[in-house]
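Have a look at the structure that comes next, please.
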Amino acid sequence: MKSLIEAGRRFYSRNWVLATSGNFSAVVSESPLQLCITRSGAHKGTLTPRDFLTIDGSAKPVGRTSARPSAEARLHLEIVRARNTGAVLHTHSVWSTMLSEHHASEGGLALHGYEMLKALEGVITHLHREWVPILENDQDMARLAGDVARVLAQHPDAHAFLLRGHGLYTWGRTVAEAERHVEAMEFLLETVGRRSQM
Amino acid sequence: MKSLIEAGRRFYSRNWVLATSGNFSAVVSESPLQLCITRSGAHKGTLTPRDFLTIDGSAKPVGRTSARPSAEARLHLEIVRARNTGAVLHTHSVWSTMLSEHHASEGGLALHGYEMLKALEGVITHLHREWVPILENDQDMARLAGDVARVLAQHPDAHAFLLRGHGLYTWGRTVAEAERHVEAMEFLLETVGRRSQM
Amino acid sequence: MKSLIEAGRRFYSRNWVLATSGNFSAVVSESPLQLCITRSGAHKGTLTPRDFLTIDGSAKPVGRTSARPSAEARLHLEIVRARNTGAVLHTHSVWSTMLSEHHASEGGLALHGYEMLKALEGVITHLHREWVPILENDQDMARLAGDVARVLAQHPDAHAFLLRGHGLYTWGRTVAEAERHVEAMEFLLETVGRRSQM
Amino acid sequence: MKSLIEAGRRFYSRNWVLATSGNFSAVVSESPLQLCITRSGAHKGTLTPRDFLTIDGSAKPVGRTSARPSAEARLHLEIVRARNTGAVLHTHSVWSTMLSEHHASEGGLALHGYEMLKALEGVITHLHREWVPILENDQDMARLAGDVARVLAQHPDAHAFLLRGHGLYTWGRTVAEAERHVEAMEFLLETVGRRSQM
């Protein structure tokens, strides 16, 4: 929880989680599956322990709590199941929002030739081609969770995906690895976005 | 007052209230109407309690004070009356200034399709269409207050407006809600502005 | 001196005085004229009292010191004499550098229609037209000081000027007023620069 | 080591070493040649003494350590030998990445006319022409070290070079001088990059 709080503070200073956007989770139990996740409506730059709750594998709160989990809790669960990962981070930056709109009709965007790709787990050369899928945004979370599961299955090597007009989802075995993926992806998206303006 | 001071510090770190620009208020009494408001000329990044004063419903200082209220105090009062709100925040960013010029001839700009719209109170889907009215700037505050009242009546659902070449006005039931609206609007304006460069 | 140190720290956080660029001074005696000025080569983000020295009206150090004044000390003296001012601040931002190149052939650029102009001392309306002269850069400080004196005389209402490829000079009766002018000018230059990209 | 830690913190706050990118070294012994260098995989914004190790002139760790030196350790050694320098800093910013791609086919880019060039050691006029070589990126460090040695010999006056899609290398007699070169080069690259968008 402490590392999620600190990640939130850093993301806020970079304008990646303005206005209560974004949500974060970490696996606290694998069997049965339980996630520690940010509550709905919390400001991600000034999180405290009271801004977290524990949910089970069907996104229901565990124990007594008046807090509601982030609306996107089901997306976190789909990611954890599909990738067997330990932490999920969703950020909401200007560049990820812009590029998710700009490349929406292509269903994703490719990243290639950048040394920064090596910050993604398992990537060992800048010649790697990373496909970042873009999903249509949807307020129906059951339907969107299904879309996420399908896209993760179609792109088993993807380290992240974008929701259109909504930002970035990435993950890692630990919060530190997931935060490294956020920094790498935000860097790459800004670079690609600015290059398209040259 | 403490939450306005902290909001000012955060806005300054983001370059949204440079050079004493911007002004903030919060309702301290509803009947009779009284606002706590920043004094004219105060730097919004380093506010202290002495940079605030209380005004009544006609923008006159309450009690003894040598400070003058922000020149835009009447605009704050119009907003509080029209929206029955608890706090008003005016920021002055590069992107809000640019877009207020760029879209001035259209009288406003539309925001649509962005998840960040859900940070605006009462908005529940990215498919929401938010119209942000743009008013011509004016140094005659009585006349400008009239313009503000008219625009707020014409657009009863608007969460914010722009003054041309002058920046953003938004509000909320609490300072926290108003600050969330500032962050959301500044994010959306930067996103729209940068997209128009792609 | 304390206010110059703090201004330097703030400018550095905004990337306006990277790599020891920029220089600051304040009048410590009017008759005979003496300035407290940053030494040559000091980093402006981490100034200490030892990074300052006192110079007389011919830019010579007063008292024993091994430090040399900023190479641009003569420009500070010309400004103090021409404007009867108390503080001079030179910043070196990306946008001021870009615009000083972009508009060099016109000899300056005009700022008009922006509320932020009212942060310049004596300006009371956004309809004000501020002409910001641009001087060719020159490593011959005696010659450049002559150019500065001439331009200040030609434009008695100017609040600031640009050196081509070199950044912004502005001033004020106090360090606080000069810093407000820096913030206002950097805001306006960034706004004008970004608008030209739309 | 302390100055490298502080440089890392400052670079991180400017987004120049996101996601464990970048690496830093300082000469601790000239004969035999030994460098103190960041370990592979360390986050450069939050370095501690345990994130450093000492290597000899063939990039092998000195003493017992479980840490591996940065993959680019051989590049640092080539620079120290070619330039007889005391510190080497590699940063990885958006603008250096973009420009290294944009000008790759020309084999470098020229910087000319900017006062900021004088922040580079030995440069005394903005009329200086600095050629910044761009090398193709390569995961074979022995081969890339050979390329670096050849480019440094071909351009004996160069203060820095870019690796394509990978960022900036610069150096100095001290960490402070190398950091000044980083700030100057990042400023110049951002300025050149943004000007090409006007």
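The chains carry the letters A, B, C and D, assigned in the order they are written, with residues numbered from 1 in each.
By our rule, contacts are C-beta pairs under 8 Å (C-beta built on N, C-alpha and C of every residue); 3 or more make two chains touch, one makes a residue touch a chain.
Not measured: the values here are computed from a predicted model.
For the pair subunit B and subunit C, the fraction of shared interface numbers is less than half, so the two copies use mostly different residues to meet. Most remote from subunit B, judged by the distance between CA-atom centroids, is D. Between subunit A and subunit D, the superposing rotation on Cα atoms measures out at 90°, rounded to the nearest 5.
Averaging C-alpha coordinates per chain places the centre of subunit B 31 Å away from that of subunit C.
With each centre defined as the average position of its C-alpha atoms, the distance from subunit B to subunit D rounds to 44 Å. Within subunit C, contacts with two or more other chains are made by residues 197.
Under the contact rule defined at the top, the touching pairs of chains are A-B, A-D, B-C, C-D.
Considering their complex, residues 14, 113-116, 119, 124-127, 180-181, 183-184, 186-187, 190-191, 194-195, 197-198 of subunit B touch subunit A.
Touching subunit C in their complex are the following residues of subunit B: 15, 18-21, 43, 92, 94-95, 97-98, 101-102, 137, 139, 163-167, 193, 196-197.
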